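Take a look at the structures listed below.
One chain, chain A, links the two complexes that follow: it is found with chain B in the first and with chain C in the second.
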Partner chain A sequence: MHDLLLPIVIPGAAGLLVFALPARLRGLRTVIGVLGTFATLVASVWLIDTRTGVSWTWMQFGGLELDFALRMDAFSSWAVALVGLLSLLTAIYATGWFRGRGGVPGRYFAWMLLATSGACGVLLSDNLLLLVLFWELVTLMLFLLAVSGRDEGAPGAAKAFAVLGLGDMALLVGVVLIGMDRGWSLSALAASPLATDRALHVLTYVLLLAAAMAKAGAMPLHSWIPTMSTGTHASVMAFLPGAVDKILGIYLLARISLAWFAPTEGLRMVVMIIGAVTILGAVFMAMIQHDLRRLLSFHAVSQVGYMLLGIGTGTVIGVMGGLFHMVNNSIYKACLFLGAGSVERETGTMDLGRLGGLVRVMPVTFGAMFVAALAISGIPPLNGFASKWLVYEACIAADAPLFLVAALFGSALTLASFVKVLHSVFWGPKPTAMDGVREGAGGIGMPMAMVTLAALCIVLGVFAAWPLDDFIGPAAGLEAEGALTGSAALEGNAATWGEVGGATPPPRRYAPGAMQPYVITGLLAVGVLVLLLMAHMGQMRMRRVRPVFVGGQPFDRDVNRFPGTEFYKTVQDLPGVGSALRLGASGHLDPYEAAQRAGRPAVRLLRRLHSGLVGDYLFWCLLGLAIVVAVLLGR
Partner chain B sequence: MTMYVLAAVLFGVGLYGLLVKRHLLKKVLGLLILEHAVNLFLVEVGYVDGGSPPIRLAGETAAAFAGGAVDPLPQALVLTSIVIGLGLAMLMVALSLRIYERYGSLDADRMSELKG
Partner chain C sequence: MLQLIPLFVLIPLGAAFACLLVKRRVPAMAPMLSLVGVLALLALAVTGSVQGAAGASIAGGWSLESQGTTSFLPGIALVFDGLSAVFLLLVAVVSTAVLVFGFRYMETYEGRPLYYALLNLLIAGMNGAVLAGDLFNLYVFVEIASIASYALVAFGTGGREVEAAFKYLILGAVASASILLGIGLIYAATGLLNMADVGTAVAAGGIPETTLLAATALFLAGLGLKAAMMPFHAWLPDAHPSAPAPISAMLSGLLIKTLGIYALVRILYLVIGMDGALGGSLQTLLLVLGCLSMVGGVLLALGQTDLKRLLAYSSISQMGFVLVALGTNTWLGVAAAIFHAMNHALFKGALFLSAGSLERIAGTRDISKMGGIARIAPATTIGAVGASLSIAGVPPFNGFWSKLLILIALFTAGMHVVGAIAAATAVLTLVTFVKVQQRVLFGALPERLKGAHDVPASMSLPVIALAVLCLIGGLLWPLGLDDWVGGAASAVRTDGPTNEAPAEYRRMVHSEGRQP
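And then the complex of A and B:
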């Protein structure tokens, strides 16, 4: 067996094995689930330096030949490893998440492993039709995971399946349009990209872009993520919509924008505008949410905007920023979803108005979510800052100050929104309803996954030069240009600003900045040390503890609270923004709801035609037969 | 020609019973009439005016037999069809009985669980 098959076959075979095992071997299913994802991670790390391709003729129908063609390049190698890592961590988390709630539902690990296999397949395929098959497999597994063992997940899962199905259809049509023109091999396509000067090629690009946007969850095809989040297991949210779906969507976007097509300036501008709108629109929606899972979902949408913006610039630095942000987002977003899941598991509620004061009882969850919240808000020296920094620089290099403002403003609003989250969930007085809450009932798996992800947030931020030099840079096309390195981009080296493929750098109108993570980390560490020292020596009494005086009344921690749900209500009164938010909240901007409304007359007509009477059905059959006969006779 | 018209009229009667009548047994009868209309039509197609039964007598040449006898193929087909029709009738009546046990009625319009 060829090496490249390993990341697809290992989880696929493990998934089928779990599927075939009888229901009473539940423990064995879980063991195979975790070991299968672990083996996938090991195989993908072992393969990370492989650069090869392989092809077998798989099926032949008439003139259509389906090659089972795989290849691994500078991009897919680390993307596969990232998928393996995320599936391992969410599998470990799932063992704790389901403990004491009837155990892991029947085929959960089978679907999860097959989704991993499908995601690796998308990243490795070198054939357009094969890519579509694996892509569909991930969509289907997302649906099955969302409904496994949880009935309230069904409406969200149906919506996700409908929206993703629309995207998949666009992908299929786009792929067939490419394939009829240029054949099915991706390597051949990348060797001579399609120029977007013909209407047909522009249409193809837009179709594939829509597929990538639906998968990654960019506006306006994002609406399935928030709806799905409220009824689905936290481990599923962290695994697919939070991380792997983003990787797949952005993978496709990067491929179509950089390798398969040569998009014109106008098309790139469209991608950048979608990115900027997504950043701002979704972060505003996130600010007014009361449900922690919905809030996190809107942030998951908002962060996709940065990736679109970075890749849309088409410069090396922008592409690096977009791809690095994809990596970072999958890590901190998975951590946030898992942390929210821990809170939900222990408290039973996700309503920000009812949570509070959990920092002392859930310190590990708080620590992990705190780091991840700072990372998503772009606080140096965490990983979210490093990638956002590259996106900012790309906006400057592309001479697009409006996009820079959108990106910076979105980042600030993200921080504001996470202040609300941290305050509502962890700080403030603890309501009496939260008194019995304690951490760790789910065993070691849940904190292990969260702490690993939070540690990765710090490592990828402080040592950002390492992934940029070794993985992201080569994927963004730096390899071809020789002397340049990824860390040069981090330090604002203008030479990295050229277009992908080595065009001349654009004129500079703004001074480049430099990100020096070691200096920032060092200063922060010194500051923390000094603070600890001062507190320890007792030189600075930082606080006094006195009983609270409330006009002679006893202090009631259920009444005298300031839940974060009130924080940004005034956003809804802003002219323009407020009405847009109300439109968004009522579902008028959601294509799924709009399609439902538009399709209602047709549904009503069909319902009337379904009389349930056998005579009527027979009549329709005969009418159809008569039409067929008439058409055949008329020829 | 009249015989063809008869087959068509019988077919129409059967179709009418099948589509319009509400009583299940009337639907069954309609279907049986329709079926026999088709059988009649098939036999008529193979009929030769003034022809003999398709039985080859001893000493008859093949050419003389083919010139005088009616077409045996539709007849064989229709024989099979009649037997199948009998089985079909039994099945339909048995299902009607089951439906009567389930719904307490043979009115087809009361069985509209597919509605909506």
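And then the complex of A and C:
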């Protein structure tokens, strides 16, 4: 068996094995689930330096010839490993998540492993149609995961499948249009990209863009993620919509924008605008959410905007920022979803107005979510800052100050939103309903996954030069350009401001800035040390605890509360923003709801026409015959 | 093999009569006789498909002597070629599943031997129509199958069933009359009935143009009615849901294809000729009416809460896919159409059967009153989910491949707008069936259904078998099934990889049809 098959075949075979095992071997299914993902990770790390391709003749039909072709390049190699890592961590988490709630439901691990296999398949495919097959496999598994075990997940799962089905069909049509024109091989396509000067090619690009947007969850095709989030297992949300679907969507976006097509300035601008709108629109929606899962999923949407914005610029620094942000987002977003799952598991609620004061009883969850929340808000020296920094620089390099403002503003609002989350969930007075809550009932698996992800947030931020040099830079095409390495972008090298594949960058109006993660980390560490020292020497440890009286009444933890949800309601009163948010909340901007609303009159009319009277039906037949005769005569 | 061809008609016909004979004394024999019959058909069809034997067989045959010369009048010419083989196998497979499903399902009905007799008659009619080598016998077999189906729709003898059967009967009679009229016009003009001969005559310009045009219009209207092409579809959403579930599966899964699609392919491609003078207009008609059926059918399905009516409307939509694929007038298009018709038979058969199971479990057909049935009926759920994913065009199920082929055929032929409509319809189909799954199988189980339990294995296994065939069809498609579908398409189109088949068909019917 060829090496490149390993990341597809290992989880695939393990998944089929779990599927075939009888229900009473539940423990064995779990073991195979975790071991299968672990083996996938090992295989993908082992393959990470492989640069090869392989092809088998797969089918021939009429004029249609298809090869089962795989290829691993500088991009797919680490993307596969990232998928393997995320799938292992969420599998470990799942063992705890399901403990004490009837165990892992039926075929959970089968679907999960098959989704992993499909995701690796997408990243490794060197054939357009093969890519579509794997792509749709992931969609199908998302649906099956979402309906397994939770009754309330069904409507969200259906909506997700419907919206993703639209994206998948766009992909299929786009792929057919490319395939008929240029053949089905991706390497051949990348060797001579399609110029977007013909209407058909523009249409094809737009179709593939729509597919990428639906998968990654960019506005307006994002709507399935928030709906799905409230009824789906936390481990599923963290794994697919939180992380792997983003990787796949952005992978496709990067491929179509950089390798398969040569998009015009106008098309790139469209991508950037979608990115900016997604950043701001979703973050505003996130701020007014009361359900932690919905809030997180709107942030998952918002972060996609940065990736679109970065890749849309088409410059080396922008593409690196977009791809690095994809990596970072999958890590902190998975961590946040998993942390929210832990809170939900122990407290039984996700309503931000009812949570509070959990910092002492759930310290591990708090620590992990705290780090991840700072990372998503773009606080240095965490990984989210490093990648956002590159995106900001790319906006400056592209002479697009408006986009820079959108990106910065979105980042500020993200921070505001996570202050609300941290306050509402972990800080503030603890309502009496939260009194019995304690951490750790799910065993070691859940904290292990969260802590690993949080640690990665720190490592990828402080040592950002390492992923940028070794993985992100080569994926953005820096390998070929000799001396330049990925971290040059971080350090403010103007050479990274040019377009991907372009020769020398044109002169720019602004000078690049430099980001020094070690310096920032050092300063921060010194600051924290000073703080600790002061706390140790000074009076900060001495706390007096006295009963509090509010208006002459004893303080009631359940009444005298200041949950963050109320404070942020004022966002809805902002001029312009408020009406847009109401429109969004009522579903008018959701293509799924809007299409249903638009289609209803047509359906009603058609139903009314079917009167059930034979006379009417005979008249239709005569009408049909008349049409037939008319067309035949009119030839 | 060639000598055995008449058995495709004789076995079910014999079984039908045998069922009536045992009706009084040993009614329990009827299901067994039918089972033996369909299993024999299945064996025959598999053998025929594997051997790939093409040929003609003449049942009967009379010689005529006049003025010293002997001319031979052929009997009933039955022709077995790539196209017939596909449909025969399909009829055998779906009939087997339907029959087994019906053993337990039909227990609540009276007069079961009659049901088995009618079912066998239906099979005989469909097999005959698929094998018939001349227009008149095609008509006769179509009538046999139609009349059996009218009776089967009314089999429940309730008010709704009889009303639906009555509408179906009237519109069916209109269809038969126009087909017969078309045949009459052609016979009057040429004195020929043999499809190959008529085709040659038409190609040589042996028929006055007006006659040909009138006959074509009548064929299209008549066969369009049988195939439930919009606007000729109105009988179907009443008739298919009203029949007992196994019969719904037969009607939606097989009848509209054998009487409608198969006959359309044969007559349009081999008799009238899609490359002839009328070809362009016929293409336009197939594309326009196909699009109408696709979009109208799926919209009506989306608005339905009655599970079986929803499935019936979706059948109209799926026939639209087949029609637009035929409208491309290319080998790839015909192959895609045949493959989609095949797949539709499998998954729609499975869906109608599982609708029957779900109706038994939930006591209703209203999907808004169901929910969470996956909990209480795992076996039914597997079959229903598999078939739904297949019709929704999700890989690796067979429905994905046929939709892909249809899209490729349309785009290759330069019909981008129709391709876009087909793609949109495919998305709406996915939405329809995802919503059905969500509301029927998943979600919360209503209190009312807490004590309900799954149907017996003899009802769930046939559905699962059909769903597994959908999956196998999808998985094996890249590994060799394509030859088989391609062979069927090559029977009518010459622009494929092999191009002797239509001529071969003509030769078989011409020469062997005239041997005494």
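One rule holds in what follows: the second predicted complex is superposed on the first by the 590 of 635 C-alpha atoms of A that agree within 3 Å, B and C clash if a C-alpha of one lies under 4 Å from a C-alpha of the other, contacts with A are read in each partner's own complex, and residues count from 1 in each chain.
Here, a residue touches a chain if its C-beta (ideal position, glycine included) is under 8 Å from a C-beta of that chain, and two chains touch if they have at least 3 such contacts.
Quick caveat: nothing in here was measured; it's all calculated off a predicted structure.
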Which superposed partner A:R607 touches (first chain B, second chain C, both, neither): both
Touching partner for A:A386 - first (chain B), second (chain C), both, neither: neither
Chain B versus chain C as contact partner of A:L88, first or second or both or neither: neither
Which of chain B and chain C A:L618 touches, first, second, both or neither: both
Which of chain B and chain C A:V301 touches, first, second, both or neither: neither
First, second, both or neither for A:L632, with chain B first and chain C second: second
Touching both chain B and chain C, residues of chain A: 607, 610, 612, 614, 618
Chain A to chain B touching residues, read off their complex: 607, 610-615, 618-619, 622
Residues of chain C defined as touching chain A within the complex: 166-167, 170-171, 174, 178, 213, 216-217, 220-221, 224-225, 229-232, 234-235, 237-238, 277-278, 280-282, 284-285, 288-289, 296, 299-300, 302-303, 331-332, 335, 372, 374, 389, 392, 394-396, 400, 404-405, 407-408, 411-412, 419-420, 423-424, 426-427, 430-431, 434-435, 437-439, 442-445, 477-479, 482, 486, 496-497
Complex contacts: residues of chain B adjacent to chain A: 15, 18-20, 22, 108-109, 111-116
Parts of chain A lying in touch with chain C, wherever the complex brings them together: 58-64, 66, 129, 132-133, 136-137, 139-140, 143, 147, 151-155, 157-158, 161-162, 165-166, 169, 172-173, 176-177, 179-180, 599-600, 602-604, 606-607, 610, 612, 614, 616-618, 620-621, 623-625, 627-629, 631-635
